[in-house]
Each structure stands twice: as structure tokens, then as C-alpha cells.
Amino acid sequence: MQHWMEWAVAFFLLLGGSFVLIGSIGLVRMPDFFMRLHGPTKATTLGMGGILLGSIFYFSLSPDSISVHELLITLFLLITAPVSAHMLIKTALHHRLQAIERTQGEQELKRGQAHASKEGNRSGNTDN
Amino acid sequence: METLFACCIGFLTACGVFLMLRGRTFPVVVGLTMLSYAVNLFIFASGRLNLRGAVVLGTSDNYADPLPQALVLTAIVIGFAMTAFLVILAIRARADLGSDHVDGKLPGQKHAKREPRQ
Amino acid sequence: MRMTPRFSWLPTPYRSLLLFVIWLLLNQSLAPIHLLFGVVLALFIPYICYRFRDPQPLVERPLLALRYILRVFADIVTANAQVAVLILGPVHKLHPAFVRVPLDLQHNLPITILAGTVSMTPGTVSADIYPCTEHLAPDEPLPQRWLLVHVLNLEDEAELIATIKQRYEAPLKEIFKC
Amino acid sequence: MILAWILLLPLLGTLVPLLAANWRRSACALATAIPPAIALMLLLYHGSAVFAGETLRYTLGWIPLLGLDISIRLDGLAFLFSLLILGIGLLIILYARYYLSEQDSMPRFYAYLMLFMTAMMGIVLSNNVLQLWMFWELTSISSFLLISFWWHKSEARRGARMALAITGAGGLCLLAALLLLGQITGSYDLDVILASGAVIREHGWYPLVLVLFLLGCFTKSAQFPFHFWLPNAMAAPTPVSAYLHSATMVKAGIFLLARFYPAMAGTDLWFLLVSITGLTTLLVGAYLALFKHDLKGLLAYSTISHLGLITLLFGMGTDLAAVAGVFHIINHATFKASLFMAAGIIDHESGSRDMRKLNGLWHFMPITATLAMVAAAAMAGVPLLNGFLSKEMFFAETLHQHLLGSLSWIIPVLATIAAIFSVAYSMRFIHDVFFNGKPKGLTKTPHEPPRYMRMPVEVLVVLCILVGVAPGYVIGDLLQAASFSVLGGTVPEYSLAIWHGFNLPLLMSVVALAAGSLIYINRKHLFDFQNTLPGVDALTAFEQLMAALAKRCQQFYNWLDNGSLQRYMVFVLLAIIVLAGAPLLELDTLFGGRPELPVDAVNATGAAMLLISAFATVVFHRQRVVALLMISVVGLMVSIAFTRFSAPDLALTQLSVEVVTIILLMLALFFLPHKTPKQSSPTRVLRDIGLASMVGVVIGSISYAIMTRPFNTISDYFLANAKTGGGGTNVVNVILVDFRGFDTMGEIAVLGIAALGIFKLLTRIPVFKPSSDGEGRPWARERHPLLLATVAQSILPMALMVSVFIFFRGHNLPGGGFIAGLITAVAIILLYISQGVDWVKARMNIEYQRVVAIGLLIALLTGLASLLFNRPFLTSWFDYFKLPLFGEIELASAIAFDLGVYITVVGATLLILASLGKMTTSHRPTHQEPT
Amino acid sequence: MLAKVIFLVFGMISLALLLNLWSLLRGPSLPDRILALDTMYINSIALIILYGLLMGSPLYFEAALLIAMIGFISTVAVCKFFLRGDIIE
Amino acid sequence: MSHLILLPILLPMLTALLIMLPPVHHSPDRRRWLSMASTLLLLVMSVWLLSQTLTDGVTFYALGNWQPPFGIILLADTVSVLMVCLTSFLALGAICYGSAGEDERGSFFHPLFQFQLMGINGAFLTGDLFNLFVFFEVLLIASYALLIHGGGKNKTKAAVHYVVLNLAGSAVFLFALAILYGTLGTLNIADMAQKISAVPAEDIMLVKAGGLLLLIVFALKAAILPLQFWLPATYASASPPVAALFAVMTKIGVYALLRVYTTIFGEHAGPLAGMASAWLWPLGLATIVLGAIGVLASLDFRKLVANLVLVSVGSLVCLVAIGNTAANSAVLFYTLHSTLVTAALFLVADMIALQRGKAADRLVSARRVAQPVLLGSVFMVAAVSVAGLPPLSGFVGKLMILQAVDSGPAQIGLWSVILVSSLLVLIGLSRAGSTLFWRVSGQPANEDKAKPLQVFAVCWLLSASVALVAFAGPITALTQQGAVQLADIPATLSIILPAAGATP
């Protein structure tokens, strides 16, 4: 039992750690802002989940205690991470950050930018 | 570890001081914030470093020094209050004085007169 | 769809339940004193927070909601694996795209949940939510809105829109009955 | 005690004119005269004892620590001076009644005059040198007021200021001298000091003391080269001049010479300094007096000259010379007072004091003219008048001294020359004013003054004559008594006879009279010669000097303090480097012997990130938002460091403060420029880097030295007593709310006050609201993003829940009221950010300052509650209760205290952030926004 | 074994944090930097949890919870600043 | 146990809070009267405390019942309580002046004023170094807020300088505290005194570094050259009642110097004994000189008064450097005198400025004041007193200063600087006075007359100058006793730390 749990802890921790790392790698590797955004906001959720699960198992190793409050961190991250992402992307739209050339749906991006700021609204109309 | 910690404190202090020597309110605020990090770490270090000894009774047999921690807490709160006041004062100064310059006479003031000619 | 609470002393029952669970998780204890305290707080806090809440549709199908949550969790896990591969793979093979998803949902809470879900799931991020018409008279019904989504690697736009609408939006409409 | 009244009465007399301000002028003058008149009678009452050689004393303890007592001493010298001060003072009161016009404030004048009289009486009656100095300075102040009585006249103000500056400077020198005398003799008692002459003169400090002492005397007595203030003090009303420059103010210096004669005189240095100063003053005064066209100017220089004469007499160091000095004090006082008053009458009744305009007044005011002529003759040393006698004694003394060895003859020669000029200017006074044709350009027709205005002059002139005719009877005893006290007991034989036969002094007098007349008759050539000399206006020169001084001071001050905050800061930093760095240099090694903890890769990474982000903050500091992002990494790393080094409470606090700080700075940055312009020169940057790194090195080194040293601390006590005495297992929290709860109370007070201050700063602030961001982008349209708003609304209850949790566990586990408060506040701030001020205000209209007050009040009352149980403030209480079903629970007063903390933190944080947020809401035009 | 795993994971997280810092320094745009900071906050939750594991102490949990709950507010505030200038309006 | 010693700290705090809450909150009159009444009560209580201290000697109050050195203590000795009395006396004058209308020129005047009193009194009474820091911060933050009361460019500008410098000072304070804690292991001042004599040789220099850093902090508060730059603008621009209250602020720095460098680094401190004197002495002299120069350089009267503050600070610092009983006694007396008189001068300056129209207190020709007799008299009294001329308190103070040194180069240095600066001050004041009152052009405006409460406030403060002379005997005896008590460290230690043994 104990042994099994230790393996679980190790697995989840490694899983989490990897995803955290992958997310950050994505942040560095991706060519434009919108693509960079995918790395951290996703990988960190599972990455965090892994680490937290590891923690849950770890602290539940000893027979007289269990630890479940890590779930709360997950809960809060799930609630808040999309908001950060949303606000960031809004800022990017507002700042007219360019997506890489091959991005599809350029009109949608323009429309998004147009919606972001008043002035953009006008120029957006003339562009179309 | 102590060497590293001391280096961090010294470097934070130096950065904070350098920023406080800039002639505008905002860098000064940032510098003071940096300096207060250094101060807090310094106070904290005065109780010596301890890696596993959180001062909650019954969780360890080797406790860190709780007193500097309490002092740092007080210092953080006071530092926050002071920073807040200074930040708002900086806004007020900008509003009242038209500039956030605090380094004596503004060098730009001389240039301002020349500008129309150029 | 209902937007007014059933009881004035328990305006948001699911929220209270959530808070109660949070309290127990925080304390990691089922001791009677914590239960009592949890109940008191779970009743009291929503009561005082009710005023800081715009009217939202209430959850009508709690079980469906639970199913929705589990489905999203599962999707998150798979999504993460996919994205991990994408991130580590060759960058030039990615086909990023902006996709506009027309929404049937009209109320903030469901839209937020949908947007959050989209952000959490495979290779998509909710970029923006905006109405179809820019200017409205005050008494007109709420307009249809669009969800702008950025996709890391778009394979089929129509399929993506369909997935979002069926897999997530439809259950949400059902849950909130709106 | 009666003695004390002599001093006290004039003091009370200061109030009399003020109380009698609304009475008729004569009544006011009369009332004013009553106290000094009584004082004079009391003085005379003591006369017999004094003449018998007694010294009367009265002492009242005052400041024993300083050796300063109210101590009165009446001996012959004091008696003589008191007589002059009170007697002439009374005459002046009478005279001033007529002299002052309706526009002049008579009560004010009399009050000043009485104050001055008190000061003078205080000087002459003091038996304590510190008390003497006190009155000495009081004469400076009161004379300042008197000279500047006509303050609307520029020369009066300036003259008064100059007099004050010169006599004030002298007074300070005198103070030093007196204090040194006190140190030498071990007492500030005049009796002791006068009896310690030998000790003083042999003491190593004697030259210094003497110089300082003489500076005091000479400035007051207008001795060369400090004489210039006196003529300019003539801007005062004439009664003032008559009083100050005949019998009182200027005589104070002379009095001091006489007073300390037993203690200080009798050395070569004394002779050299005093006699040469006196001689120079005598000559310069006499010479310059001749050329003054202003009546009072002439009299002023004549006064200077006569004071020089007296000084010279005291400087010669022989007993007889001292007696002559005392005698001339009396004589000068009488004739000079009368002359000043006569000049005042002339001025008053003819409208001018310019001798070029005043001519032939004999026809208009024969009685006054007669009086003035007699007094002037006395001044010139004409026989049968008092001036003659003392001048004869003076001449005799100049002949008997051998102070300059083979050159000793110079002194009588110079004395004669001075006497010649004295005769000349006296003649000028008489002839130019009363004869010499007709008045020129007077504004009014001169006439005799009112009866009683002339009376003081008459009294004094009669005295001049009486003394001159029958000196022995009139003045003998007084002179004897005064000389007795000046010389300290041994008065030489001297004769007060009018006629000493034909001798050298008489010859000198005759020469003086003859040559003086001759000079006066041929004055035109002399005047022409004098006119070719460059004129020096002392007043202007002094004012220019003062202005130059002020200017220099301003230049220096502005050079030092250029208004640069950074310069001020540099001094603080230099102080740190020097004061904290210097001791480090004396350390052999920083390492203190405590083994270091090992460094692992994770910690090294953390440290590296901290250093990099700190450096990046500096590098990016001109892009302010980026700098903010960088410094939040620093904050994050610091929090992690706290976690790493076993301080979870700190980590929690730092993290929550961090969030609030960023919100605050973002709020602030809206109103500040987003970029810092580049202004520092490379040298400046280099200097700053140098300073900063030195400070960093000093602080880092100290920190290292401390960390590596073994340590004994009081903290073990807290660990041992937290649970048993404070009822909590989180020792940090127990320290905060219990062991050092008082600190925490102060700390939350700081937070609360800061919030109030910020509210105050933001009221009626003329804000600058940018309409676009730093790069010229207009602001985004959507004010409250939908996602954010919804999430904020759902975060709030959860955050409150967590707050409650953190709050209650704080006593035993990391957490507490402060962190809980910040979490609550942040959650509410998130509402503000996501929904706006109006939205929140519509739902919660609370005045946050009241919340702050309530929070602080709770903390305070919790502390006070222990007083009810007769325990000291903030004594904690806790107990464990067993409840059925629920088990054991702990209740502690610390929780109530922490509740106060919580509420204060919430209130203060919201007050700060919300009032900053509210600044713009009321003005911003509302956009229609998509909901 | 567990200790080694924990240390390995520490290494991963540290590397991740360094990468975040690199992104933060590199930018190039402001939203990129904010994103990097946001990621850093979240990654530091992992770091703190790991510290808790390393020391076998649950005392560090609240710090992690706090970051998860209110850490995003900094990001939101900065974004709001760029969008509207006035973050509380 | 007597809780009386708490009152000077808690009463102002309670008052501040009550003023912020209903029913007082909304009525200006209620705010005023509560504030004034409380300050009066504070004065009565302080005097009572003083009389108690005189009978009981040194006593301490262990907050939270935690005995020293572990808990925070308040220390009542003659010096600390005398300073509290001074503060209360001053505060009553300032608050009365402020209540004549100045208080309505911005929000929270009375609460902030009371908080400031709380901070000042706390700083005087505390026996714990970190608690001293906390109270420093309380009084500073209150002073920051009060400084900007009334608004205006000058205030804002001065406030920025004042706040930033003091924040730097606070950082230095914390560095110093941490060093002292890290070497001595305690925070209680008496306990530090106890432990300093047992510091191992290799730690001495660290303690010295800490002690000297404290010197920077206190020097900054006291405005000693070259850390005085904040003072002139701050004092000259502050609202008059605030400037009056600020008159005691520099004295807090001096008090802290006195307390720390006699108690912790006193004679028993071995190689560290008297380490501050070497710095304080020349800097004190230089401060006097600079102040005197500033007096002559000032173009407006309030700047002039601010420079007078510098002169007084310099004198006090020199005395602290001398450090003997006579000097310490002089410190106490001169502090009482200079604080109250300069405070009065700030108020007088304001009354004059208000009546001179646009020229305000600038030293230029302007219209005549509406109440020349009243203002002239109070000016005269204050000027005579501050210039150290008889017969007012300044001259007693000056005599005490001069008598405090009685040998060697110190005497020559101090005497010459004091006497020359006295002369410069005299010249400066006579110039200022004659310009303000006598160089008039234009008629007074009668509506500007001083309000009775203002007149009372000024007279109240100036009456102290008279009283200090009239009762100079007993008062100097009191200051002497305070100085003796202050220097008697073993006796104080035996009271505070009886268990640890009395010998430091």
C-alpha cells in the first residue's frame, strides 16, 4: 500500500513537473503572442494538477492524516486562469499585436481588434 | 547559503539605492520598494537562516527565530502603508507641480525656452 | 430560466454548498465544530455577498452540471497531452487561427463558463466576446454574441465550432435552462 | 527688602503708563513719575549708610543651578549711578510730557522708558554678574525700542538695528567674560569677584577675559572703533537721546569699567587697551563733533569724546584718575543731559536742528539760550562750571602718568588738542545757534518752550553751576562714596577746590580755551579741509555690510540646498557608507564562525532569479510598467525565500501585500508619466552606481557577518511561552498579537493613518487624466470585461471564506487578521476593478474611514479590557471550553484584537484604493457599453 | 526514491521559472511580459507545494492557495491598465 | 499598578477614533471641542504623571504583562515624562490655534493631530527599540498627512522631500535594529545596555555599525547637518498649527539620541562608550552655524523661524555630544524652551502673514498689520526669547548651555559658535521684525484680525517662556534631576531588569 502510494506520488509529481516545464517551453518557443498563450494556460493547469495530486497522495501517506485541500488550488486556478488569459488576449488585441502570417481568420482578428478600441472601430471599417 | 543570501540583500539594497537616486518620483517609489525588500530580508537574516523550522509549535524540534519574523511582518505592513502614501503623494506632486521631477531644477526647463526657436 | 432566488435567506444554494465544501476542504476536517461553523458561514457569506452579484440564471439541472464538470476534466487531460505534443513538435507545422463562434447563450454566467471551458480545453483560448450589433436601444432584447477563439492548430473550422456548440454550449443551455 | 523696591518700582512703573493710557497726558506723565520718584526717595533714604561706607545687600534665590540669584548691592558707585538714572529719568519724564506730540503714543514711550530705567537700575544695583548681564541686555532691547520709537522713519529703524547689533555683540562678549570670571573665581557673586582681583589678574585667561570684557564696555560706551552707532541713534526722540547718551546707556559701559576696576584694572594690558582706546575716542569724537551741522550730531560726537575721556581716566590706572573719572561721569551727565534737552527744545520750537539754518535764536528764546550756553560752557570746561573741575583733574592726571615712558608727554598734548576741539565745538554750539545772524529757512518762528519743558534744563544747569562753584559741599560726599567703591576702599587725597593756583593744568585749560576760540573763528579752512576728505556714512556702510552678509548667506545656502531630493539622499547614503562602513574596516574577517548552510541548485536558481529581476528592474526602470513587472518578480522571489527559510507567515503577508501594491502602482501610474525621460549624465550615473554599490556592499557585508555569528536571543522565551502564556502555537502570530501586541497596534494605526492621509491627499486634487496611453493609443472601449466581472462576483464569497479561515487559524498556524484583511480587501478591490466604483457604491455605501476607526477602536478596547481585570494594557486572556457535541474550543482575547487588525486592514486598504479609484469616476464621461 | 523525484521535479520547476524569466526579459511586447509573469506566479505555486513536500510540512499550503486565488489579480490589474488606463473606474 | 503612563498614548488615539466616528464625526464644532478637551485632559494627566514620577522615581509598565526584556515596556522617568508634558503643553496651544479655522482647510485635521500626539508620546515613553521604530512611524505618517493639510504647491513639494527622506531613514532604522538584534539578541533598550558590556570582541564592531546607523536615523529626525535639508521647506510650508506641533519633532530625534547614547552606548559600553559624540559634536556646531546663516539668508519669516529650529537643534546636539549631567540638564531645559517658543513663532508668523495681505510673511515692505500692538508684543516676546536675550527663557537656556562646558577646546568651540550665532540671530530677527512691522506701505485691512482662540494659543505658548524664567529654579532642579537619573544606568537597570542583576 505504502509503496504503491509512493509510486503514485512520484508519477504525479513527474507528470506535473513535466507539464509545467512544457508550458514554459511553449512560452519561449511559440512564434507569436497568441500561440504563446496556449502553453502556460493549459500546461500549467494539468501541470499544477499533477503536482497537487502528488501532494495529496504524499500527505495522505501517513495513516492518520489525509490531505485534500490541494483541490482548492485547482478549483481556484480553474476559475482564475481563463480570466487572466482573457484579459491578456484582450490587451494583445488592443495593442494590435500581430499574429504570424499563416494564422487563419485574419478578419476575425481585425474584428477583435476593432472591438477592442474605439479608434480601431473606425479604421476597421475602412479596411473592410 | 549565507553568502548567497547576503549577496542578494546587498544587491537589492544597491539596486534600490540606485533607483532612489533617479530624479523622478516613480523610480524613487520603485527604489524604496526594492529597498524595503532588502530591509525585510536583512531583518529576517538577523535571526539567522533556518531551512526547516517554521515557528509553529509542535511541527518541528528546531525552530527558526520567531522574533525577526514578527518584526518583518510589522515592517512589511508599515512599509506598505508608507509606499502607498508616497505613491499618492507622487500623484499629488505631479498634479500640483506639473511634473514628477524631484531632482532640483529641471534640466528640461532651460530647453523648454529654446524649443520654439528650433 | 429563473433569476430570482427561491429563499431570501438562501439566495444562492449552490454557492452555499460550494462554500461549505470549500470550508471543509480548508479545514480538512469533519469535526462537528467545523461542520457547524461551515454551515453558518455557508449561509452567512452568500447572504452578504448576494448584493454583489448581478442577476444570473440559476442552475436548474445540478446533475447535468456535475456531468459537465467531469467531461471538462476529462477534456482538459486529453487537451493537455495534445498541446504538449504540439508545443514540443515542430512549430512551423502548426496552423494557428482565429475562429468566431456564434453564441446562443445570452447571460453572463453561462457565457463565462463556456469561455472558461474553451480556454481550458484542447488548443483553444477564448479571446473575446462581443455582440453582433454595436449599438442598441436600451429596451431591446440582448443581442446574439460571438465568441472569438484562438486556436493553436486548426484542422477544421466548422468542426471546431460544432464541437464547442454541442459539447459545451448545449449542456450549459440545458443546465441553466436558458 | 526696601532695597529690592528700588529696583522693583521702576519695573512696576513700566505698567503704569500702559494702565494710564487713556488718562490725560499730564496725568499719565505724573503717574509714570510716581514709581521712580518713590524709588529715588528710597534710594536717598539709604544715602547716609552708603556715605558712611557701607555696602547694602539683598539676595533672593532664583536659579541656584546656574548661580543666578536676584542679588542687589548698593554701594557708593551704585548709589551715584542710581541717583543719576532716577534723577535724570524723572526730569526726562517731565520733559517728554511736553516734547512728545499728540500723534506719539505717550504710554508706549513711557513704558519703554521705564523699562529702560529698570534695566539701567538693574545693571548698577546687581550683585550677581549674570543678573547684571541680564539687565545689560535688557538695556540693549529697551534702547532698541526707544531709538526706533518713530519707526516710520527709515533712519530710526536702521539706527536702532545698528545700535542693537553693536551693543548686542558687545553684550555677548561681556557674557563670555562674566562666565569666565565666574569660572575663575568660582562664583558669579560680584562681592567675590571684586575681592578676587589678584586671582583674576594672574589667571591665564585674564587677557581673554579682559578683551571680552572691554569689548562689552566699549561697544556700549561707543568707544572707537565702535562709536558709530551712537550718532545714528540720534534718530530717537530727543528725550531718549538726552537720557541714553548722557546719564544711562552709554554710561553703562563706563559703569562697568568702574565697577570691575578693583578686579580687572591695574595691569599693563588694561592700561594699554583702555587708555589708548579712550584717548583715540577722545580725539576722534572731539574732532568730528566740530563738523556736524546737526545739533544732536554735534552733541553725539561730543558725548563720544567725553566718554573717551572718562575711559582714558580709568585706563590710566591711578587712583586719582579713577576719582576724576567718577567725577566727570557726574558732570558729563548733568551738562550733556541739559544740552540734549536744550537741543530738543530748539528743535521742537524752531522745527530744525540744522545749525546752518539755526541762527540768532537768542532773540527768540533768551532763557533757553542762556541755559544752553551755560551748559555748553561747562562742556567746554569753562571755570566756575562743573566741567572745568573734572577737566582740570583730568589734565593733572595726564601730566602725572608715566605710562609711555619717554613718550608720556604725548598724552597731555593730545588731551589738550582734544580740549581745544571741545572748546571749538562748544563755541560753535553757542555761536552758530544763538547768534550768527538770522535764522535761514525755518518753517516756524522759534519761541520759548512751555514753562515745564524748560524746567529740567534749568535744574541741571543749576546743578552744573552749583558743582562748579561749591563742589565740596554739593558733591563731595557722593564723589567720596563712589570713589570709595570704585577703588575698593582706599581713596586718595584729592581736592575739590575751584582754584589750585597757577599750574600746568590751568595753562592747558587756558591754551584750550584760546586755541579753541581761534579754531572756531578760522573754522572755514578746517571745514573746507574736512570736506575734501571722503565722507563715510556709518549707517549706510553698516547696512551695506549687513546686506552683503545676507546676500552671501543666501548664496551659500542656495548653493548647499539646491532643492534636489537626490542630493539630500546622497548625504544620507554617504552617512551610511561612512558610519556603518568604517567599523567594518576594523573587523579582521566578516565570517563569524557559524557554519554556513549548504547551497542547493534550487536555491541558487531562486537567488539568481532574484538578482536578475532586481537588475532588470534597474535596467528597465525608465519603462515604468516593465519595471513594475520586474519588481513583482523580485517580490515573488522574496516571498518564496520566506517560504524556503521557514517563514510561512511572512510569505503569506508578502504575497498579499504584493498584489495590493501592484494594484496601487497601476492605479498610480495612470496619473504619472509612463516613461522616465533620460536625464542623468554618464558621470551622474557612474556616481550613483558607485554610491549604490558601496551601500550594497556595506549592508551585504554586515548581513553576512551577522548571519555567520553565533547568537543568543530572547526568542527562546517566546517559543517556551507562546502556548502556555499566549494560547497559540503560531509563535510569530502570538508575538504579533500578544507579546508585542503594542507594536501591532501601532502598526495598524500607521496603516489607518496612511489611509486617512491618502484620502486627504486626494481631496480636491487637480488631476491630470491622460486620454491615451503612453504610445498614443486611445483607451479600449470596454470598461468592464464580462468574464472578469462574472468571475470577480464568484471569487468574492470564496475569498471571504478563505479570509475567515486564515483569520481563525492565525493564532495557531500561519495566517491571522492582517492577511485575512488583505484577502478580503483584494476581493472587494477586484469588484471595483471589474465593475467600477459606481456599481460597488450602489451596493455598499460605507465610509471606509469609519471602518478604519472601528477596527482600531476594537483593537484598543480589547487592550483596555484587561484593565478591568487589573492587568496591564493588552494582557491577553484565553481559555478552553468544552462544549457538548463540539468538543474543546479555545477562546482568546487575541482573536478580538486580531479582529480589530482585520477590520482596520480592510478599511484602510479599501480607503486607499477606492479613493484613488474614485478620483476619476465623477468626471469621466460615461460610454454606452455593451453589456 | 521519492526524495530524488522531488529534487528532479524541483529542477523542472526551476528550469520552467528560468524560462519564464527569460520570456519576461525578452518580451518583446508588453502582453508577452505580463503573460510570462502570470505563468511565473502559477509555476511558483508548484514550487511552494514542492517545498511543502520537501519539508513534509503542510504549513506552506496557504501561500500556494493565496497565489492561486489572488495572484491573477495582478495580471488583471496590469491588463486593465493597458486597456483602460484607469483600473478602477 | 498605575495605568497612568498609558494615557499619553491611548488618550489621543481614542480621541482620534472618536472624532472619526459618529456622533462627533460630522460636526466641526464637536470635533474641535473634543480635540481641545482631550488635549487639555492630556496635559493634566501628563503633569500628574510627572508628579508621580518625581515621587516614585523610574517606573516601567509591562504591556501585556510580559516582563522585560521579553515584552514591550513603557518607561516613565523624569526625562520621558517631561517630554510628554512638553508635548501636551505644546499640543494644547497648537490645537487651539488650529481650531480657530485652520482645521477646516482639509479633512481629518483633528484625528491626524491626535494620532501624531499618540506617536510622539509613544516615542517618548517606550523602552523598546523596535517599539520606538513603530511610534516613529506613527508620528511620521501622521506628520506626512498633516504636512499637506491645507494643500498647495509648496506643501506638496516639501512633503515629497520630507517623506522620501524619512522613508530612507526608516529603512536605515530597520537595518540598525536588525544589526543590534542580530548581535545583542534583544530589543529592550535597558536589556541592550545590559548586554552590550558582554558583547564578544569580534561582535563589537558590528554593534558599533548598528549604533552608528541609528545615529543617522536620529540625526535625520533631529535635522542635523548634513541631514537637515528637509527641515526648512517642511516647517516653512506646513500649516501653522502643524508647524507648531512639528517644533517638537526634531526634539524627538534629540531625545532618541539622548536616550540611546546614554543608555545603550553609555559609560558602561566599554569601547563603544560615547561613540556618537565624535560625530555629534562637529555636526552640531555646523548645524548651529548653518541655522544662523539660514536666519540671515531667509527671505520670508517662516523660513527664518525654521532656521531658528536648526540653531536650536544644533545647540542641543552639541550638548548631547558633551553628555555630562550639566549638558543633559541643559538639553532638557533648552528643549522645553526652544520647542515652545519656536512653535509660538510659527503661529505668530501666521498671524502676521494673514494681516499683511499678499506679501504674507515675505520680508518685504507691505501693508501694515491690523493689530500692531498685539502682534508686535507677541513678536517681541517670542523674538527676545528665541534670541536668548533676557529676561525670557532663552537666556536661561543659553546660560545653561554655556555653563555646560567648562574647559578646553570644547568650550572655545561651543562658546564662540553659540555667541556668534546668537548675534546673527539677533541681527536677523531685528531685520525681520523691523521689516514686518515697520516697513509699511498701505493701510491695514481690518477684517483680518486674529481670532481670540489664536491669540490665546500664542499667549499660551509664550506664557511658557515667562514661566520657564519665573520658575527657573525649580525647573532647572527638575531638569538636573532628570539628567542625573538618565545617567544613572545601573539604578534604572536594577528597576527594569531586577532578575538580570543591576550591573551593566
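To keep things simple, chains are lettered A, B, C, D, E and F as they appear, and every chain counts its residues starting from 1.
Going forward, a contact is a pair of C-beta atoms (placed from the backbone, for glycine too) under 8 Å apart; a residue touches a chain by one contact, two chains touch by 3 or more.
All values derive from a computational prediction rather than experimental measurement.
K.L.:
Give me the fewest steps it takes to get from chain C to chain D if each step has to go to a chain it touches.
P.N.:
Minimum step count, chain C to chain D: 1.
K.L.:
Using direct touches as single steps, what is the fewest number of steps from chain C over to chain F?
P.N.:
The distance in steps between these two chains is 2.
K.L.:
What's the farthest chain from chain C if centres are computed as the mean of the Cα atoms?
P.N.:
Following the centroid criterion, the farthest chain would be D.
K.L.:
Taking each chain's centre as the average of its Cα atoms, which is closest to the average over all protein Cα atoms shown?
P.N.:
Looking at where each chain's C-alpha mean falls, the closest to the middle is F.
K.L.:
Which pair, D-E or B-D, has more C-beta contacts?
P.N.:
Greater number of contacting C-beta pairs: B-D.
K.L.:
Quick one: report the Å distance separating chain D from chain F, using the average Cα coordinate of each chain.
P.N.:
A distance of 16 Å separates the two centres.
K.L.:
Could you work out how far the Cα centre of chain A sits from that of chain E, in whole Å?
P.N.:
11
K.L.:
With chain centres taken as the means of their Cα atoms, state the distance from chain C to chain E in Å.
P.N.:
Here chain C and chain E have centroids separated by 24 Å.
K.L.:
Using CA atom averages as chain centres, what separation in Å is found between chain B and chain E?
P.N.:
The separation of the two C-alpha centroids amounts to 22 Å.
K.L.:
Which residues does chain D have that touch at least 2 chains other than itself?
P.N.:
565, 567, 569, 628, 644, 648, 669, 699, 706-707, 711, 713-715, 718, 739-740, 743, 747, 750, 753-754, 757, 761, 779-780, 782, 787-788, 791, 794-795, 798, 802, 813-814, 916 - these are the residues of chain D that touch more than one other chain.
K.L.:
What are the residue numbers in chain C that touch two or more other chains?
P.N.:
22, 26, 115-116, 126, 130, 134
K.L.:
For chain A, which residues are shared contacts with two or more other chains?
P.N.:
Each of 18, 23, 25, 37, 67, 69, 72, 76, 79-83, 86-87, 89-90, 94-95, 115-116, 121 in chain A touches at least two other chains.
K.L.:
Using the contact rule from the top, write out all pairs of chains that touch.
P.N.:
Inter-chain contacts occur between A-C, A-D, A-E, B-D, B-E, B-F, C-D, D-E, D-F.
K.L.:
Would you mind writing out the residues of chain A in touch with chain E in their complex?
P.N.:
6, 9-10, 13-14, 16-18, 20-21, 23-25, 27-28, 33, 36-37, 40, 44, 47-48, 51-52, 54-55, 58-59, 67, 69-70, 72-73, 76-77, 80-81, 83-84, 87-92, 94-95, 97, 116
K.L.:
Can you list the residues on chain E that touch chain D in the complex?
P.N.:
10-11, 14, 17-18, 21, 24-25, 27, 30, 33-34, 37, 40-41, 44, 47-48, 51, 59-60, 62-63, 65-67, 69-71, 73-74, 76-78, 80-89
K.L.:
Can you name the residues of chain D that touch chain B in the complex?
P.N.:
562-567, 569-570, 573, 594, 596-599, 603-604, 607, 610-611, 614-615, 617-618, 621-622, 624, 627-628, 631, 634-635, 638, 641-642, 644-650, 653-654, 657, 660-661, 664-665, 668-669, 671-673, 676-677, 679-680, 688-689, 691-693, 695-697, 699-701, 703-704, 706-708, 711, 713-715, 718-719, 722-723, 729-732, 735-736, 739-740, 743-744, 747-748, 750-751, 753-755, 757-758, 761-762, 765-768, 812-814, 818, 908, 912, 916
K.L.:
Which residues of chain B touch chain E in their complex?
P.N.:
Interface residues on chain B, with respect to chain E: 51-52, 54, 56, 59-60.
K.L.:
Which residues of chain F touch chain D in the complex?
P.N.:
It comes out as residues 1, 3, 6, 10, 13-14, 16-17, 20-22, 25, 61-66, 69-72, 106-108, 111-112, 115, 118-119, 122, 130-131, 134-135, 137-138, 141-142, 144-145, 148-149, 151, 160-161, 164-165, 168-169, 172, 175, 178-179, 181-183, 185-188, 191, 202-203, 205-206, 208-210, 212-213, 215-216, 219-220, 226-227, 229-230, 232, 279, 290, 293-294, 296-297, 299, 329, 384, 389-391, 395-396, 399-400, 402-403, 406, 415, 419-420, 422-423, 426-427, 430-431, 434, 437-440, 472-473, 476-477, 480.
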